[in-house]
Each structure stands twice: as structure tokens, then as C-alpha cells.
């Protein structure tokens, strides 16, 4: 870690779970050096004071500072923004203006159409000029755009799980695009690290529930990318549920097959589409994803089932919402933005059990 | 409990979770007296030796015996069969032959067509003559049949959650029957109380997975009853998932609306359909079911959402798989079979948290 | 519930877990009628609006009001105070002054010495005159005092688990009182129902930790009662830990045996001491308590172990912190205050699993 | 991983959680190359067939073979034995006889006195000659012995947590050795990966219980090492409890202080004792360990509390039972046996949340 040739990076917004996860991953990164972490509430403390599990590590004594783009620009070549939507857009512009690359983990630059953004997020977009510049940070799909980008909009957790699952089927035109249903279930870390009655332990434990049906903000993001995939406007029915687990999203996705095609052929199309993309594991017939198998990793496991009785394709996808669905993917994007191996610092196995 | 006028009943197969739940509910029943419990493995012990939480209760010292229909017929007017499918059918016949009424919690008498049974359960049906006699024990739908019956086929847990959710929509003909998708999630008690590697704690905890996609045995049961509801043959796509919780099934169900109909109207149709059926709680618009809200109870909570964008109806239903989905419903059926209030012994609130 | 002869009661402070649990238990009570529930934050709503699981029950539409002792005195003969310490003492006095009996679930009247109270709770005691009047509401020990009382100080959850476990050993003088160690573990509902970062799901799940070592406020309450038991001043070492479960306290208690005494004899002493107290289950040798076995009940399970190697007695006690450790015990006290069977409305079995 | 200079190692017994954890850690090891994995039940399959989360990793296709010391000796310089006690001792001898170093994760070589072994494990020891040769694999205490050893007895999980917590206090002679009480709580992975009714999900979830009080087999191992620490025979009271979590042991340890000594001084003694041992984190006053803070790591977090009221020292220690308490420690020992940095391949942060 003493290697001066490392690329210095910072994390803006260290108190949430995505900030925490960025630290977990960055501290072992072979080419990035985490030199700045910020938080308005916790500025002045050392990282290990708020995260005791970092004591005795190479980042435990890192001081938490106030976010200040100009000051940070002296040290950092890139920052990860782990702050709420609405706040991120202006911060991103400030960092870009002082020459710092940005991976934004918020929703602010994901939607190409600012009106759609305003409709779903109830916020005016103040940085419209960056909307088109921003690359959508899904490495399997947009690696070349990301490599060129100064600003990457890191995908949402649910969209990552849904888009990776559906992209090959849409590209290969094997499903009817009018009847796509995405039934997603997420671990509770997706609800963020802040005190809310609805997510205290006894309100979540030994319980399961649906929420935000028909109006989750990740809907337009999923539709935008699936529409790009097939060149037509797609509307999906997207449902979300809260799992009493820490990490993980499992999406069960339904769509009618357009023609008779064997499961073996479908699996083969998926494997071909993701050839060389090592994080996508297309499972053998009869094997289905489990959230634990991707815990703490970049893997997206895809299980494919052909329901012969109803002629539908069922795709089950599992990711870790914090790693693949947020901070790990952000690092993958940063890797590409500096011409590094996309997998640098991210080659980790699942913690099971 | 000393009241001699009580109706004496027995439970055959006490070591599983449905047997355990029958005891929990029966021991407070105002009209039934649990006088016999059986288990081949545990015969000779007192109930509290295998279930220490029953010590100090009125059933703790009840001796576990071998199942013997003739002997049990001396004491019991009705037995609950909590034994595996395949085993139940012959036992049921033996009890009926000696004049004991039967509520069978297995799958053996649920499917009217014995060939369908054999196809899905890989067992020949040896008691075909009872298939038509058996009433399907869903009290909201079949109360009059159940009241007349000597033999009730207690519904499966998933089918209970799915059928109650879809019945009014099918009866009222508001949904397209060709595109019904039922995405169900069940607590782990649904997997039974036996030692299997796949359900030990560390293989389930902090995990979520799909299983048996496209081939779950509850599929034909759901289809049979939904077909009865609308008078046409229905095929559904039915998916099952394993939740890391003890109890509860939540099903998220999707179907296209046939015509434009407001959510208020749909809710009103549901409330009318279930008028006077106090266990069905049709939730107000914007409120969605949670498994904890029905924990330990007979309630089936139904949340209705109209997805305006895709023109689909989303129905979310929640039940307790052990109580409403098995043993509580079995007692409700027994209540009807003896002309009692269907709710006798079952008026319980949820244990929250 | 239409029976006009019922005793009308109220609950002040309905939004916490103890308020919630009071409603769960009172709504089935054969002699009490819950007619008033209050909350400053939620006044004006119906109970089922904040607790959807109460919809369809006899209390679902009960309006939540502001707490007003004079108004409540018109309807209620007794109130349960489920409000924070410091707030409860003045409310209690107001209710007593208008002729309403009080069971106070806070700590305000548990400690006989107001200076000890002030030392541990950092609050001046403003109702000193009621300190001596208040009965300490542990029915197995103080039934006659409770029966006479207008004001009952409902015991803390940890103290209930510790005192019931140690009382017989101290009364029978079989343990050395200078080396008592109480290692307690509590479910997270003990931390209350309010939004705090430390108890959100992902900070508690799949985790275990100690907290407040050497300074938990229940320490002087335990010491006061144990000192009464043996007539000498006792100091204990009391440790608390947070379990990632909803309900339950399990305390493992250590003390040297004063003389050689067989385990059989110790068990016999305990059974004699608690003869006729049906909620205390002294387990057979080799059987140990589990929190699930008392879930939702009034039972206190006691497992006794003699560690032959070190000459120590190990007592393991398990209770449900919300039912036996708070609201259920409060109802037991109210039962006694009105000359009812202590067990009225409380004869419930555990929900397992 | 292509580096031919790597040291080839094998794992005997791949189907348990310690075998699984060895694979997790070894596959990223900079100097060891995992070339052989064995299992009698699963021989003939690839590793990823039984552990789907290993698909797409460098060990996913490793074939599982039958354990055969002679054959394995051709490839492996060292094997990890992850098989049951009783089985391990003979296997260890066979491997040593063909020149393969052994880290034995079972209990077979931990106790120096074979009669003590037989008393607690009910097995005759057939390899007495290796008992003295075996080093006890606690790197902070026995690094020099381990470095010289061909055979290392890897410590038990509970003993690791207890010995590391008590060693400095005993070495520095600040506690009374006659009254040590160790109250330990373990995650369920400690119960092993096999189908047993007592550890299926619904028997463990939302529950907490004590087990094996006064007779846990790790007792003599703890006593042996603590006796070595202070040069006197020590007997401890050791209690074990089952936590409904995957990983982690938290031990709360009580002992009277021999003299008045400040907490600051005690902390200072501990820090000095473990100077340079980076896995031991002696926490600041007021901070207490949590199992999540060590999840997946080699850390042993120690929280020290002086209970002024009773003059006792309370030590809270937390480890990951599978990593620090078994497989990670085994790799640390293997590192030492080959003259590598003890931390090689083990520098990992906790997965939080």
C-alpha cells in the first residue's frame, strides 16, 4: 500500500452501507489508494471510531473530513459519490469542474430523460448537460462507454439484477416484450443505514412483505435500458419485496417465449452473450441461484427455466445488492475509467455460510 | 376441559409441524377435547417429553400411542391425519370404515382426478372411491360441502394463499385467465420437521432462493380450484421460494385486467365476495400484507394494486402456512363437520413482534 | 365482550412494544374490557391504522386518544402505564388521585430508595409518597401485597428472569451470596420500538454483542429484591447482551453452592418453593430452557445444573420479555388487584415454531 | 496462481463447514496451491457441483477424490484434516509417515494427556506417540513450536476465544484462578454441516438456548492451556449457548481481580502482551466486541471491563468460529510450518453488514 504509483481516490458519504462497502473493497485494491473519506455528520473522527471493525486495518485511522471538491482535487483522481439523489448531481458537477472523475452511486445521472427523472424523483435536474455525458455503468453492456467516461452513473441495485437477466433474451428477440414481469426481493441493507421505524430489527425480522408496488423508482431505469436492448419502448411490471436478510437481491422474471425454443438453446444463447464476462454465471439446467452464493461478490447468477406448460421463460437472477448492485460495480467502473482490468480488487469468493 | 359433552378428537402424526400446530390450537378449543395423539417413532412417551413447551399445560402428559384406527374409534369422533401423502389415503379409509370422521392434511384427497394425482405425486391412488366424497376444505368456498362431509381434504398451504386471492377476480370475470402468474414465498416450516441438509439453519439463514420452479406439486391443486371458479380450464405459472423465516406465505399474483375497472371497484368486489367471512381482510388501497400480521392466525390478508401502466392487477396475499395453511384450517373444517361455529377455538390475534 | 359487568381498563402509551403486547393480551381477557388507548403522537387515529394486524378484531376500531386522567377516570377502573420512566411517576399520581388503579410498567416505582433511583436513572423522584405504597409486581412473591395495592410497580424484564431464578436458592440459603453472576441475553424487542441506528435490522441481524456491562439500570432492582429474599445486602455482577431475535430473555446464573447438596435435592427445593405457581416450570435434570418454549407466554422455565467440578450451581432461566417480563405480568397484577384469578386471560401456550 | 513455486496442499474432508472455509481462504492464498480435496461421500464430483458458489473460480472444477495418503503425498506437502475426531488420528499418522505435514482441525491431538482425551471423547487414543510431538496451534502463544512442527493440533473454536481472552490476565497474575467463569455463545455453524433435527432452521431461528452445561468437550482443552499459562492447575466453569446466527463466538468471562488495578492498566497489560500480534484487537474502554466485526476474519476482539462494584474483571472476546476458530487459524499454522508470514492469505476485513 506504500506504492506511490497508486491512483488516489476518495469516497464522499461514508456513513451509509454503500460507503461502508466501498471502504471494505477499496482497502484491498491493488491499484487504488483510498486517501479521503467524507461525511458531514462524522467529520473530525477517524474511520475506526464509527466502524470499529476497521481497527487494525490500513484505513482504520483515516480521518473523516467535510466534503470539499477543491481540496479533494489536490489528492484524488476520482471520487465515488455515496450521497442521496438530488445532492449528488451538484457535487458531481463540482468535482468534474476541478478535474476529478466521478462514479455517482445515486440515481442522478442514470435516466437520460430529465423529465422522467423529475417525474419519478420529484426533483428538478440542475445538471442537464451531464446527463448525456454520463455513461451507464453496467460493465457487461457499456464497457467501452465507461472506459471513455469522466462521469459514470452507477446502476441501481434492482436494475442491475433485472437488466443483466433480460438483456440476452431481448437482444436475441426470444421473448414477448409486452408481458414482462419482474418480481424482485431485496435484503434490508437496500433500505439504507438510517434510523427509521420501518426498518428496526423487530419490524423486519421473521417477516416478509411487498412494498412500493407499481411505483418503485427503479422502474424507469429498468425500462430505459431494456428499451435500448431491443430498440423498442418497453414497459415492465416491477414489484419489490423486503427480505429479512442483510444482503442480496433475487429477481424472478417472467416473459412469454415468442417461439418454441429449447431450454438448452436458451442457456446457450445466454452463455454466448456473456462470453468472457466472468461475473455472469449462467447456471446449468435445474440449478437455481441463491443469494448466499453471491454474498459479498460481483457475481450475477442466472438460472433459466422454461415453463413448458405455459410457454413462459422464467429467469431467476441473484446479486449482492451492496457489492454488485452498488459499491463493487462502482469500483469496476472506476477500474475501466483508468484502463485497469475490470476485475481489479474484485476477485472475491462468497462468504458461505 | 372436564366437560364430558366435548367432542373427542385425535391427531395421527404428532411429530411434524402440522401435528405440533394442531396441538397448540386444540388445547384451547371450547368444544373439542384432544384425547389421542399418535406417532410411530415416539409412541410410549408423553407429549411434553418431545415438546417441552407443553409441560404444565392440559396436554403435556398425554401419552403418545401407535396409530390404531380401531382402538382410536372407541374414543374419537374425528381424527386429523398429519402424515405424509401416500400414507394418509389408506389410514383415512380405515378410520372412515370404523365410523370416525377424517380431516386429512395430506394431499391424498385434494385432486379430483386420480391420474393427475399419480402424475404429480408418483403414487397410485388406492382409495379412488373416496376422491369424490371428499370435500375440499376451504371454508369460504365450500362451507356447505364441508358441513356434510365425513372426509375433508385439507387444502395445501400455497393453494390456500393463491385460491383465496384469485377466486373473486375469476368469479367476477375481471382478469384474463391465460396469463396468471403466482409468485409465492414460504417460510421454512413449510419444508417440514425432519433432518435434511438443505434445511439446516446455516443453509437457510441469511439466504433466499427459488426452488421447484415449474414443477411444484401444488400446481394442479391450484389449477383445479381456479378452474372450478371460472368454469374453464386454467393453467397458471406457479413459482415457489424459500424464506428464512419460521412461518408465513406471501404470494404476489399477476393477471391482466380484462377491462378498465377502478381499484376502488375491485376492492369493493372483493369485499362483497367475502362479506361475512371474517378471516379475509381486504386491505385498504395502499396497504399491503405482511406475514407477521397473520402470524399464528386464520387471517388471509389481501392487498390489491392496479398497475395503471401495464393494465395488470397485482394481488398480494399473506397467510400463516401452519395455521391458516394447514392445522388451523383443519380445525375450521372439523368445526363445520360438527355443526359448530367455523371460528370456534380459532379467534386469535397475531403474535407481533 | 358485550358483557357490561366487565371491568373497564385503559392503556396509556400504545405505540411501544409493551403497549402493543397489552392490547394483544387484553383483547381476549374474560373480565377486562379495553376501552381506552392513548398516544400523544397517534391520537385521532384508530388502533388498526397503526397496527394493521388488529383489523377485523374487536379492538381494531378503538380510537386512540390523548392521555387525560380525568376523562379516563370516567370509564376506566385501572390503567396500564406503558410510558417512559420519568413520565410515568406523575401520570400515576394523577390517576391515583382521581381514583383509578395503576399498573406502572416503567421503572418509576420499583426501587424503594429514591436516592438509588436518582443515581441510576438520573431523574429526581417527584412522587416519593407513593414509593412505599407501590407493590412490587412479582406475583409468585408478592401476591398478597399486590392484591391490596392501588399502585403496582411492574418488574423489569431482566429482573423478572433473575429474581425468579435465584429466589428459592437464597431463601433456602444454599448459595454463597457474594459471588453471584447473572449473564443475561435479551431479544431486541427489549430495546423498544423507536427508530435508533443501533437497532435497525442490519445492525442487529447475524450479530451478537454485549452492552452496558457493569452499568445496566436493572442492577439495583435485582439487588433490592434478592436482598429482601435473604435478608442481607447483596451485590451481583449483572451482564446484558443483545440477541438477534424478537422476544425472549435467557439468563445464565452462577453461584457457588454453600454445602454439598445433590441436584435432585436442589430441584426438589425449587419445586417446593414454587408449588402451586403454575407459570414456573422447574425442568427435569438434563433439560434446559429455550426462549422459544416460552414465546408469547407467562412461563418462566428454570433449568438447574450442578457443576460438580467447580461446586457451582448454574441456573438457566427463560422468559418472554414482553409477555412475562412486561405486559403479561402487568395483567396478572391487575387480575390480583381486582381479586381475579391471577391467570385470567393469560393461559396461553407458546407459538412454536 | 500459475506460479509453479507454490506449495501444494490438500484438504481431507471437504463437505463440512471447516472444509468449505478452508477452500474459501486457500483459493486466494499467495503461496499455497490447493490441489487436492477429498470426501468419501462426494468423490467423483467437481467441487462446484456440491458448492455452486465456487463456479467460475479457480477451484470450481477441482475433482473431489477419495482420501488416499500415499497418492496425495505425491502432490501435497501438507494436508488439512477436516474430519471427525477419532478418524483424524490415524489419518494424521499415515500422512506423517509418508512425509506430508498435517494440520489437524479435529480434537485428536489437542490434549497432551491421553487419558483426559479418552475421558471426554470416549475414544481410545491410538497415536499416543504423536501427542507430544503435536504443537498446539495458537499462533500468538506457540509460534516457535508451530514453526518447527510436522503436526499441528488446531485449537477448538471455543478454546481459541477463551484462551486468548484469559492468557494475559493469567500471565500477569491479576486474577483469582479459582473462580473463572466462561459464558460462551456460538453461531450455529459450530454445530457442523450435517442433517440433525436439532439444527434445522425452524428449531434454531428466533430462539436461544444453553446446551451441554458442565460437560462440553472443550473444557479440558481450555483448562490445559490456562494451566500452562499460570503454571498451576486450573478448573473453569465453562458454559455454551447456541446463537441463531451463522458465524461467531462471543465469550463473556468473569474472574475476581486479585488486587486493585485500574482498567487503564489492565488494558495496557493486554496491549503489551499482544504487541505485534495484529489479529488481537484490544478495544478502548467502553467499546465492546460484536461478532459481526470479526465476521470472516482472523481478528480476536477483546473488550475489558472492570466491575468496580464487585471487584471483578469482565473480558468479552469475539471471534469468527469458522475462520479464526478453525480454518483460518489452520492456514496461519500452515504458514508458520513453511516459514511464511503468519498472515499470508489471511489479511481480510469483516463483511459488514
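Note that the chains are named A, B, C and D in the order they appear, and that numbering of residues resets to 1 at the start of each chain.
Please note the rule applied: a residue touches a chain if its C-beta (ideal position, glycine included) is under 8 Å from a C-beta of that chain, and two chains touch if they have at least 3 such contacts.
If you're wondering where the values come from, they're calculated on a predicted model, not measured in any experiment.
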Pair joined by the larger number of C-beta contacts - C-D, B-C: C-D
Chain of greatest Cα-centre distance to subunit D: B
Intercentroid distance (Cα basis), subunit D paired with subunit B, Å: 46
Separation of subunit C from subunit D, taking each centre as the mean of its C-alpha atoms, in whole Å: 40
Inter-centroid spacing, subunit C versus subunit B (mean Cα positions, whole Å): 36
Junction residues of subunit B - those touching two or more other chains: 17, 189, 202-203, 205-206, 244-247, 290, 292, 295, 353
Parts of subunit A lying in touch with subunit C, wherever the complex brings them together: 17, 188-189, 191, 193-197, 199-206, 244-246
Residues of subunit B that touch subunit A when the two form their complex: 179, 181, 183, 185, 187, 202-203, 205-211, 213-214, 235-237, 239, 241, 243-248, 250, 252, 254, 288-292, 295, 303, 305-310, 312, 314, 316, 318, 353
Subunit B contact footprint on subunit C (complex, rising order): 17, 20, 24, 27-28, 51-57, 189, 205-206, 246-247, 278-279, 281, 283, 287, 290, 292-296, 299, 301, 347-353
